[in-house]
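Here the structure is laid out as C-alpha cells; the discussion comes afterwards.
Order as written gives the chain letters A, B and C; numbering starts at 1 within each chain.
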Amino acid sequence: MTFARGVLLLGMAVATVLTFVLPPAKGFREPDLARIIFFHLPCAFMTSGLVFLAAWQGIQVLRTRSPQLDVRHAATVELGALFGALTMATGILFSKVQWGTWWQSDPRQTSFLMVLLILAVGLILRAAIGDERRRAAVSASYSVAALVPAIYLIFVYPRLPHITKESFHPSNTIAQGGFDSAYRLGLISVFAMLVGLAVLLYRMRVRVGQLELQWEVTNGNVDDFGHGAADSRLVRPVSVRPERGP
Amino acid sequence: MNPSWAVFRKELRTESRARNGFFTAGMFSVLAVVAIGLSSFGQRPSESLAAGMLSVTLLFSAVVALPRTFLVEEEQGTFSLLRLMASPEAIFTGKALYNFFQMMLTSVVLGVLFSGLVGRPVEVAWLYGLGLGVQAASLSSAMSLCSAMVMGASNRWILAGAMAGALLLPQIALGVGLFRVCFGEGSLVGGIQCLVGLAGYAVALGGLGPVLAGAVWRSE
Amino acid sequence: MVINLFGGTGWDDPSPHTQTQITRPTLLTPRTPVQPRHHRSGHTLDVIEAKNLGRRFGWRWIFRHFEFELKAGDCLAVLGSNGSGKSTLLRVLAGLLEPSEGSVLRSTWGYSALDLSVYPTLSAREHLQFASETRCLPDPRMEILDEVGLSSAQDQLAGQYSTGMRARLKLALAIQSRPAVLMLDEPSASLDERGQEILGRVLQAQLETGAVILATNDPADRRWANLEVRLDEP
C-alpha cells in the first residue's frame, strides 16, 4: 500500500510537471492558461464515470441491503460531488481567462451546473435522513433515478444541434482530433493520476465507513439501555384456563 | 379489480371530499399566470421567455401540489394501513396515476390561462396541447417518485422539493425547447424532438418509480 | 411455507382449533427446517414462525434472537414496559418493518394497532370496500361491521368516529380477510365495555381457526394467552 501510494505520488508529480512543460495550445486567447483543460476535462470524465458507478452501486444496495455496500455507495457519491465541484471550478476559471467572464450562462456550463446540483442533492439526502436503513435505500434509489437526468445532461443535451450552435463550449474535441498528440498525452497522464487519486480517496473513505459500522456493531452489543443486546427472549407456555377469555 | 386502480379511486374519492390538492394547484396556477400577466402588462414576451415562464410555472405547480398525495398518508398516519392493504408497487402506481390526472387538469387550466393572459399567442396548437399532456405525465412521474422516496423523512416537504428540483431540471430545458416552438420560434422538428424527450423522461421515471418506491418502503 | 409480505395467498383455511396444552420451543432451540404444510383434517398448522428475529434502530437492538412458532389456537401475549419494543416486534411480524436480522414466515395475517389511523374522509363501508379491492377479495364481507358493532354508523365518515369506533373499524379491517394470524397491539386500550365484549368475541372466533398475537400489559387481554414473552427481561 505504501509502495502504491509512493508510485501515485510520483505519477502525480510527473503528470503535473508534464502539463506545464508541454507546448501551449493554439487558438486560445491565453494559450498558456488553457492548460487548465488538462485538469478540467479529466475531472469531467471522472464525474461522469462516478455518476454511473453510483447508480450501479445503488442497484446493488437495493438488491442486497448490505451496509458495507452502502458505505461504498456513499464514498462514490461523495467523490462524484468532489470531482463535479472541481470540474465546475476549473470550468469557471477557464471561462474567465478565455471568454472574459466568470459565468457565461453558456448552455454547457449551465447543464453541468445541473449535474452538480443533482450530485449535491444526493449528499443532502444522505445528511437529512437519520435512520441508516432508510438513508441507504433512499440514497441508492436516488442515485438510480438521477442517472436519467444525468445521462440527458451529460450526453444528450450538449449534442443537441441548437446547443452546439449557441454554446461557446467546444464539443467532441477529442473525438474530432482537436488535440495534438502531446496534448493527448498530457490529458491521459492527468486522467490516470486522477483515477489513482480517486481510488486512494475511495479506499480511505470506505475504510472510515467500515470502522464506523464496526463501532456501531460493537456498541450495539453493549447493553446500554437495559435491552441493548439481550438475546434470551423466552417464549414460555402459561397455563390455559378451562374457559378462555373473560 | 386491479389494486392500483383501487388506490387511484380511493385517491379520487378522498380528494373529492378534501379538495386540498386541487385547490392548492389550481390557486397556485391562477396566481402564477395572473402575476406573469401583470408583470408583462403592455409587453409581448419573446417566444423563449414565454416558454420558460410556462415551463417554470408548470414545474412549481407540480412541486407545490403533487407531493401531497404521498406525504399526506404519512401525516395523517394512514400509510401503515395502506401498506397492510396493498403492495408498494400498487400503491405507487395508483397514486402516480392520480397525480397524473391532477396534473393534467392543472396543465389544461394553466395552459389556457397562460395563452389568454400573457399576450403570446399559440402558433402550433396541437403541439401545445400534446406538450402540456406529456409535460404533465413527466412532471407527475418524477414528483411521485421523489415524494415516495422521502415519505419517512422528518423534513419530507423540503426534501421532496429539492429532489424534484434536481431531477426535473432537464424537463425545464425540454419544456422550454418544446413550448418555444409552440409559440412560433424554432423548427417543428426541434419541438417534436423535445416532445419525444419529455415522453422518454416520463416513461423512464414512471417505470423506475414503482420499483424504487417499493425498495425504499420495504427498507423501513 | 411462503414469505408473503403483502397479504394474499397462504393457508387460507387453517385447520379447526384443537384445545391442547402447548409447550412451545424457546429460542435457540435447534429445529428441523420448516417444510411447506398443507391442510389436513385434524392437523394443526403453523401459522407464523419467527426465526432468529432481531431489530435495531441505529446501533441499539430493540430485540434480538427472537424465535417462536404458533399454531392455530395459540395466543401469544407480548409483554413489557413502555418502550420495550412490543409494538416494534408486532410491526416486524406484520411486515411493516423489516427485521435487522432473521426472518418471519407467515400465512395470511391481520394487524391492528393504536397508532394505526383510518382515512377520515372514508366511511367504514368504503374502508372495507377499498380493502377488499386492494386485497383482491371476492367478497368485502360487510357483515363484519355488524360483528364489530358499526353497522349503524357504516356510512358515516371515519373522521367523525369516536376513538373506540375507530378501533373497532381497524379490528374489522384486520379480520376482513379471515387471517390465519391476528396481531393486535394494545387491543383493548381505547375500548369501552361493549368494545371489550366485541373484542372478546372476535378473539374467540379467531382462536377457533387461527392464532393471535397480542402486545399488551392489560391483565384482561393476557387471559387469552397460552404463551407469553416479556421483552424487557434479559
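Definition applied: contacts are C-beta pairs under 8 Å (C-beta built on N, C-alpha and C of every residue); 3 or more make two chains touch, one makes a residue touch a chain.
Since we're looking at a predicted model, the values are computed, not measured.
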_Counting C-beta pairs in contact, which chain pair has more, B-C or A-C?_
A-C
_Taking the mean of each chain's Cα atoms, which chain ends up nearest the overall Cα mean?_
B
*With chain centres set to the mean of the C-alpha atoms, which chain is at the far end from subunit A?*
C
*How many Å are there between the centre of subunit A and the centre of subunit B, using C-alpha atoms for each centre?*
29
*Centroid distance [mean C-alpha coordinates] between subunit C and subunit B, Å*: 39
*Taking each chain's centre as the mean of its CA atoms, how far is subunit A from subunit C in angstrom?*
45
*Going by the touch rule set out above, which residues of subunit C reach two or more other chains?*
98
*Considering subunit A alone, which of its residues make contact with at least two other chains?*
65, 131, 133
*Two or more partner chains touched - positions in subunit B*: 218-220
*subunit C touches which residues of subunit B in the complex?*
1, 3, 5-7, 9-10, 13-14, 17-18, 76-78, 80-81, 83-88, 90, 218-220
_Residue ranges of subunit C touching subunit A (in the complex, touch as defined)_ = 19, 21-27, 56-68, 75-77, 84-85, 98, 100, 196, 200, 203-204, 207, 220, 223-234
*asked:* Under the definition above, what is the set of subunit A residues touching subunit C in their complex?
replied: 65, 131-133, 216-217, 219-221, 223-238, 240-241, 244-246
_Interfacial residue positions of subunit C with respect to subunit B in the complex_ = 5-7, 91, 94-98, 111, 113, 115-122, 126, 130-131, 133-136, 157, 170, 173
*Touch list for subunit A against partner subunit B, complex*: 62, 65, 111, 114, 117-118, 120-121, 124-125, 128-131, 133-134, 136-138, 140-142, 144-146, 148-149, 152-153, 156-157, 160-162
